[in-house]
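Please go over the structures that come below.
Each of the next two complexes has chain A plus one other chain: chain B in the first, chain C in the second.
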Partner chain A sequence: MAETAVAPRLELKGISKRFPGVVANDHVSFAVPAGAIHALLGENGAGKSTLVKIIYGVQGADEGEIVFDGQPVRIGSPREARALGIGMVFQHFSLFEAMTVLENIALGMDEPPPRRELEARVRQVLDTYGLSLDPYRHVHTLSVGERQRIEIVRALLQQPKLLIMDEPTSVLTPQEVEQLFTTLRRLAAEGCSILYISHKLHEIKALCQSATIMRGGKVVATCDPREESAQSMAELMIGGSLKALSDKSGAAKGEARFVVASLSAPGEPPFGTSLKDVSFAVRSGEIFGIAGVAGNGQNELLAVVSGENQRGVSGSIRLDGTELARLSVGARRRAGLASSPEERNGHAAVPAMTLTENAILSARSRMGLASGGVIRAKAARDYAAKVIEAFSVKATGPGAAAGSLSGGNLQKFVMGREIMQNPAVLVVSQPTWGVDAGAASFIRQAMIDLAAKGACVVVVSQDLDELLELCDRLAVINEGQLSEPMAVKGISIERVGLLMGGIHGAGQVGAKADTGTGRAPAEKKHLEPAL
Partner chain B sequence: MSLMRLESRRQESRAMMLAAPVIAVAATLLVGAALFTLLGHDGLGAVYEIFVKPLFNPYRWQDLLVKAAPLAMIATGLAIGFRANVWNIGAEGQYILGGLAGTGVALATLDMTGSWILPAMLVCGILGGMAWAAIPALLKTTLGVNEILSSLMLNYVAIQILYYLMRGPWKDPMGFNFPQTAMFTADQTLPMVVPGTLIHLGVPLAAAVALTAFLVLARTVTGFQMKVVGLAPRAAAFGGFGAASTVWIALLAGGGLAGLAGIIEAAGPFGQMVPQFPTGYGYTAIIVAFLGRLNPLGILLAAMVLALTYVGGESAQTTIGLPSAATGVFQSMMLFFLLAADILVRYRLVSGRPATVADTAANPAAKAEPKPKAVTA
Partner chain C sequence: MLIGAVTGFAVATTTGLPVLGALGAMAAAALAASIFAFLVLTLMANQVATGLALTIFGTGVSALIGAPFVGITTPTFGPIFPEALTSSPLLRLVFGHSPVVYLGLILTLAVAWFLARSRAGLILRAVGESDTAAHAIGYPVLTVRYLAILFGGAMAGLAGSYYSLVLTPMWAERLTAGRGWIAIALVVFASWKPGRMLAGAYLFGLVITMELQAKAAGFNMFAPEVLAALPYVATIAVLAIISAAKRGGANAPACLGKSFRATA
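Right after this comes the complex of A and B.
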C-alpha cells in the first residue's frame, strides 16, 4: 500500500499497546486510502476499540507509527485528532442527559459558533444526510437511535477527512441503515475516508471495499469483503466455525399463554411515548417479535409489562389466565414473568456489584437465593457460577464485578440469569445490542431453546434481521401503537419497513391506518397461517 | 498545565476506599496545626491536646466512649439511608424528638417504680425519632419533596418544641423556675455497665446496634436493596425494589436510631431534659457516617475519632485556651478532606499525559477540557 502513488489517508505501522496483563494491540498495520470505506472487524476484546482510541488520540500507543496523509503524526488528544480532520462516532455516547441536542453538540465542539448559526448548520447537516432529530429535545427523552444521530451530526459538523464509526447500525431500521449507508457513501465520494467497525458482516459486504480482521490484538487477515462470504469472514474473526441456529420450525404450538390486551399507559413527561391500546398474544413455544424504530414505546412497553412502571396503566396482562397487571415486579417474577431491559449497565445489571449480587437482583425469589429476607450467599454464588458455566460467560468468577465484563459477556450473563430461572414468559429488549457475533448467536440459540421447552418469548428489537431469524410472528410498534401481528414466513420486508417508518417517512398514511383497525379479528386470522 | 493529572480507574479502588479516611484525618491534623499556628496559637500543641493527650488519660477514655455511643448510633442509622442516596440531614431533630418522647414517658412515671419503665422510655424514644423522620418520608413519597430540605428544616422545629416544653408544660414545678424537667428517678436512668465509671448501658447498646446493622446490611435482602438503590436506581426498580419503600426504610432507620440515641443521652449523661440537650450530635454523625465509609464497623471507629474532637477540644479550651469553635473547625476539615480524598477512590494521580479512555469516552465534559498545553521538550 505504501508504494501507491498517492499516500493513503491513514496508515498504521506496527501499532502496539499493552495493558497490565493484556496485549490489546500487537503490531497492527493497515492502511485506509482516501475516500475508501474500510471495515475493521473483530470480536469483542479483539483490540478494535483500543486501536481506534489510539487513532483518535484518546490513548497513546506504546509502539508504532501513525501516518496521516503521508505525514507521520503524533495524536496526543482527541482535540489534536479533530484538528487533523479525524471524526469519531463512539459506540457508547458521550451525552449530557439533562441538556438539549443542540447544547450537547455545542459542548462537543472545540469552538462552537453562536447558537443560531450552530442550529442552522445542524439543520443543514440533518437535511443533507436525511437524519431526523429535533435540536431542542432534551437528551434524556431520546431513544438510543436518536442519541446516536447526535453523535453522527457532531462528527459531520467537523467536516472530517477520516470518520471512525464504532458499531453504528445496531439500533437503526433497515431504511435508516440504508440512509446511513447513502450518507457514508456520499461522504466517501466527497473524499472522506471511513473506518467502519461492525460485527454485521452482510453490512460490511454491502458497504466496504476492504476489511481488516483482528483477533486477539493481531491483524489476522485483510480482505475484500465483497469477495468473501459472511461465513468465511466470521470464521476468520472468531478463529473457528460458527454454529448455525437450530431449526425452530414447528416449535410454536398450543394455546395462547401470554395475553396482553388493550394495554395503555401515559409516557414519562414531557417527551415519553404513550402506549396506546397495545394487544398481542403469544402461544406456548412461540417467539414473538416486536420491531420498531428506537423511541416508539419499546422501553415503555417493557417497563409496563415487567411491572417497573405501574403509573396510569390500564388494560390486562394475563399469563395462563392469571391477571398480572396489578402485581408488583417481584410478584410477576414469581408468577413466571422474566424480563431483560435494553440497557445492561445500570438497569439489567449493576456494574459496581459482583455477578453473585447481580444474580440476587432478579433471581432471588425464583431460585431461592434469599429466604425469610436473609440472603443465602452460597446459593447465590452457586447460581451465578451455574449461569457463568452454562452461558460460557468470560469472567474471573461469580465474584467479578459486572462492570468488568465486556458487553457481550455481561449480556450473556443477564440472559442466562433470566433464562435459567425457567420462566413461563421471557420479555427481552435488544438482546444482542453491541454484542459480538459469537455471543449473539449463543443468546439467540438460548431463546430458541427456552421456547422449545414451552415458554413464551417476546423479543423487542430494532434489528429486523434478528427478528426475522428468531421469531414465529412479529408486530411493529410505532408511536406507542402495535400493528397487527404477521407470520414471519412469507413476510413482506417492505411492509414491515413502512410500518416501522410510520410518520417518520412521508406518505405512509395507509400503513399507519392499518394499525388502528380491527386488530382482534386480524390477530386471529394471523394465528392460523403461523401454525 | 500541571504535571499531575487524574486518571480514571477501571474499578473503584478498595484500598483507597479504606485509605481515604486515614488520609483525611492526617491532613486535618497537619492543616489544623498550621492553621492554629497562623492564628497565633501553638498549633502542634493544639493538635496534641485534642487528638493525642486524651488517649493517655483513662478518665478521658470513659468520656470518649460515652460521647462516641450516640454518634455511632445515629451514624449507623444515617448510613443505612445514605447507602440508598436518601439524604436524611434531620438526625438532630429526630434525636431531640426521641429524647422528648422518652422524657414524656419518664415524666408520666415519676411516681412509679418498675424495671419496665426504662425499656418503655427507650421504645418511645425510637418511636419519637421515627415519627419525626416519617414527616420527610411522607412528603417525599407522596409529593416528591426533597428530603434534604424537609428533614433539615424540621431540626429547627424540633428545637422550638423542646424550648416550649422546657419553658411551659414540662418545667419542673420544684425547679426554682429553671427551664428544665424534674430529674429522672433511678428506674428512669441508664445503669452503669462498669460500676464507678461514666460508662452507661448506652455504650454496649451502640456497639450492638452497629453490629446488628452490619449483619443486616451484609446479609439481608433489605440491606441489598439499600445498596442497589444507591448504586443503580433503575436496576433497583428492575429488581423489584420500590423507590417508596426504600425512602421509608431509610428514614425510619435513621430516625429510629437517632431517637434511641436521644433518649439514651437524656436518660444517661443528662438524667433529665434541658434546653441544652441538642449538642449537634445529629450533624456530627453525618461526618461519622462518611468517615466510617457507611459501614457500621467503620462507623464505630469513626465515632471514636469524632468523639476525640469533642473531648480533646473541651480540654484544650481550659489547658491551652483554644476557642471552643476549634472542635467544629477540626470536624469540618475532616469532612472536607475526606470528600477530597474520596476522588482517589475512582481516580488515580498520574504525572503528565497522555489522556485516557474514560476521560474522553465516558465523560463528555473531559472532551472539551484537557487542553494539551503540557507539551514537554
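Right after this comes the complex of A and C.
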C-alpha cells in the first residue's frame, strides 16, 4: 500500500505496558491510514487486547505516544476515546442481557438523544447498512450475531473515524461473517479506519490490506496479508513452525459403536433450549463433529449425554449395545463414556481445588484413585502428574490450584485427565475455545490419537474450521434439532452455514462455495490455521 | 435502621425539631452504610458476611448512643393537613398520617421513575446487570455503587427514624425488632420492582397490624408470641413461595453480591 503524505489516522509510537510479572506491550509501534482495514494479529496473550484497551482509554500506557490524525493525544477514558471518534466493538462483556436493544445503545452513548429520536437514528443506521434488528427486543432473546449488530450500531451512531473490532467473528455463522465484512468494507470506503483483531488468518486475508503481527507483547512483523500465505503468518504469530496434524484418514471402521437415538429433553427455564429427537451414530475410530451457533442446545446435549441432566430425558444412548441413558454419571464413566463440558473453570474443573483433587473428581473409578470411599492420595497424585507430563501442562505441579492455570493449560489438563482414562467414547464441548495455537493443535492431535486407538470422539464446537480439520463427519445443531450427518470430505460450507442459521432443508449447493470462512476441500491436508 | 432510629431520636430531643431528627437519621445511617460500602467495594469483602457483621455493630452502637435517652419522650411531627380533613375515620385513613408516610410514598414513586425513565437510573441498572460491561463502556462502577449504597443507607435511616419519632415516640434498645430484615425480604418479594414493593409493604403492614388488632380485641386462641411472630413467618413463607416459583429471582440484578475489581 502506497505511503501517503497525509498523516495516518492512528499512529502508535513505542507503547509499553507492564503488569506485575509480565510485559504486556513492549514498545509497540504501527500506523493505520485513513480508510484502511488493518489487522492486528497474535495469539492469546500476545498483548493485542491490552493494546486496544490502551487505544480505547480503558487502560493507560506506561510509556509511548498515541497520535490521532496527526495530533498527539492522551486518551484517559473510553469517553475521551469516543470524543476523538474512536469506536469499539467488544468481543464480549459489553451488553446488558436484561435490557432492551435501545437501552443498550443508549448506555453506550455519552449524550443520547431522547428515546424517540434515538430510535429513529438507530433505524436509519440499520437501513443504511442493511442490518436487521428490533430495538425493543431484550438482549437475552437475541442470537450472537444480532448482539454483535447492537455493538456495531452503537459504534456507528457516533460516526467513528476509527473502529476497533475485537475478535468479531468467533461466534458467527459463515453468512453472518460475510454480512459483517460487507458492512466493514462499506465503512472503510466511507473513510473510516478499521483495526481488526483476530487470529483467523483466512478472514484477515479476505478483508485486510495490512497487518501487524504481535508475539509476546512485541511487534514481530508488519505485512500485507493478501501477499502472505496463511501458513507464513501463522508461523510469525507463534514464532516457530506449526506441526501439521497427523493423517487420520481410514481410522474409522466397522459398525456404529456409540449410538444416540431419538434423544429429547426439555430445556431449563427460562432460557434453555429443548432437545428435539436428536440421533447420531459414531463408529469406532471416528471423530464426529457437532457444529452450530452457541445456545442452540449444545450444552443441553452434552449434559444429557454425560448424564448430568436426567430430568425428563427420553430416547436412548447406547455404547457397544449397552443402554446408558438410565445410568448415573459415575456409572456412565465406568462404562467408558468420558465427557468434558464447555466451561472449564467451575464446570469441568473446580478452580479452588488442586489438580490432584480435580483428577480424582472424574477419574476416581476408572483409574482406581479411591477405594472403599477412601482416597488413595499417592495414586491420585501420580495420575495428575502423569497428565501434566503427557499433556505438557504448565503448572507448578499436581498441587497447583486449577484456577491458577491459564485457560489453555487448564484445558490441556482437563482433556488429558479424560483422554488418559482411555475412554471408549469421549464427548467434548469447545475443546480449544480461547486456547492458544500450540495448545489447540496439541489437544486436537490428542483427540486424533484417541480415535486411532478405536475410541469414538464427539466434538461439539462453534469453530467450524476446527471441525472441518478434525472430523470425519459432522452434523449441525439448531434450536435443539440435529441435522443429518454429512461427510466432511467434499462438504458444502454454504449448506453448513445455512443449517447453522436455522434454514433447514437447504438444497445441496456445490462444494465450490468458498465464502471466505470455509476452506476448499483440497486444502484440507495441510495445516490451515484454524487457530 | 437502628442507627437511624437512635440518631433521629437523639437529634430531635436535643434540638426539639423532628425534621432535623429525620435528616440526622438519614445522615447517620448513610455514614454507617459508607463503612459497608468501603468494606465491600474498596476492600471487596464478602457482602453477606459484612452485612451481618455491620448489623451486629449497628445494634450495639445504637444501644450505646441511646443509653441516655431511654425513658424520655420526643417532640414528633405535627399533622400537615388541616384538622377538618381528619375529622372522620375514613378521611383520617387518607389524611391522618405523619408527613413521613407521604414522603415515603413520594420517594417510592420517585425511585420507580428514576429507575425506569432517567438516564442515571439506566446507568445504575446497567452497573447492577454487568459490572464488566459497564466498565468497558466507561462508567464509574464503584462510584455508582457507592452512591447507591449511601442512598440505601439514608433510606434505611429515614425508616428507622419513623419508629423512634412517629410510631413509638420513644427510644428503647432494639426498637425496630428486626423489621429491617422484612425490608430485605420485601425486595425479593417484589422482584426488584418498586410498584410491587409498595403492594408488598402494605401486605406486610397488614400482617403486623393484625397482631396489634388481635391483641386489642382480646383474641387469645394463641399465645401473643405466636401473633408477634406472624410477620416473620410471613416473610419466610413469601420467600419460600417465590423461590419455588420457576421465575423466582429472575429479575435480580445479575451482579448482585459480586465484587468488582476495576483492572480488566
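Note that the second predicted complex is superposed on the first by the 387 of 531 C-alpha atoms of A that agree within 3 Å, B and C clash if a C-alpha of one lies under 4 Å from a C-alpha of the other, contacts with A are read in each partner's own complex, and residues count from 1 in each chain.
Definition applied: a contact is a pair of C-beta atoms (placed from the backbone, for glycine too) under 8 Å apart; a residue touches a chain by one contact, two chains touch by 3 or more.
Being a predicted model, the structure only gives us computed values, none of them experimental.
K.L.:
Look at A:A452 in the shared chain and tell me whether it touches chain B only, chain C only, both, or neither; answer first, second, both or neither.
P.N.:
In the superposed model, A:A452 contacts neither chain B nor chain C.
K.L.:
Residues of chain A touched: more by chain B or chain C?
P.N.:
B
K.L.:
For A:V220, using the defined touch cut-off, is the partner it touches chain B, chain C, both, or neither? Pick first, second, both or neither.
P.N.:
neither
K.L.:
In the superposed arrangement, does A:A335 touch chain B (first), chain C (second), both or neither?
P.N.:
Neither partner.
K.L.:
Examine A:V58 and indicate which partner it touches, taking first as chain B and second as chain C; both and neither are also allowed.
P.N.:
The answer is both, since A:V58 touches chain B and chain C.
K.L.:
On the A-aligned overlay, A:E97 touches which partner chain: chain B = first, chain C = second, or both, or neither?
P.N.:
It touches chain C, and chain B stays clear.
K.L.:
Could you say whether A:A261 touches chain B, chain C, both of them, or neither, answering first, second, both or neither?
P.N.:
So A:A261 meets neither chain B nor chain C here.
K.L.:
Touch check for A:L361: first (chain B), second (chain C), both, or neither?
P.N.:
A:L361 sits against chain B, while chain C stays out of touch.
K.L.:
Quick check for you: in the superposed arrangement, does A:A424 touch first (chain B), second (chain C), both or neither?
P.N.:
neither
K.L.:
If you lay the two complexes on top of each other, which residues of chain A touch chain B in one and chain C in the other?
P.N.:
Residues 57-58, 77-79, 90, 94-96, 107-108 of chain A touch both chain B and chain C.
K.L.:
Which residues of chain C touch chain A once you look at their complex with the stated criterion?
P.N.:
Chain C residues touching chain A: 119, 122-123, 125-126, 129-130, 132-139, 246-247, 250-251, 254.
K.L.:
Provide the residue numbers of chain A that touch chain B in the complex, in ascending order.
P.N.:
Against chain B, the touching part of chain A is residues 53, 56-60, 76-80, 90, 92, 94-96, 104, 107-110, 306-308, 328-330, 333, 339, 341, 343, 346-353, 357, 360-362, 364, 370, 373-375, 377, 401, 403-404.
K.L.:
Using the touch definition from the top, list the residues of chain B that touch chain A in their complex.
P.N.:
The contact residues of chain B facing chain A are 10-12, 219-222, 224, 227-228, 231-232, 234-235, 237-240, 242, 353-357, 359-365, 367-368, 370-372.
K.L.:
What part of chain A is in contact with chain C in the complex they form?
P.N.:
It comes out as residues 57-58, 77-79, 82, 90, 93-99, 103, 106-108, 112, 269-270.
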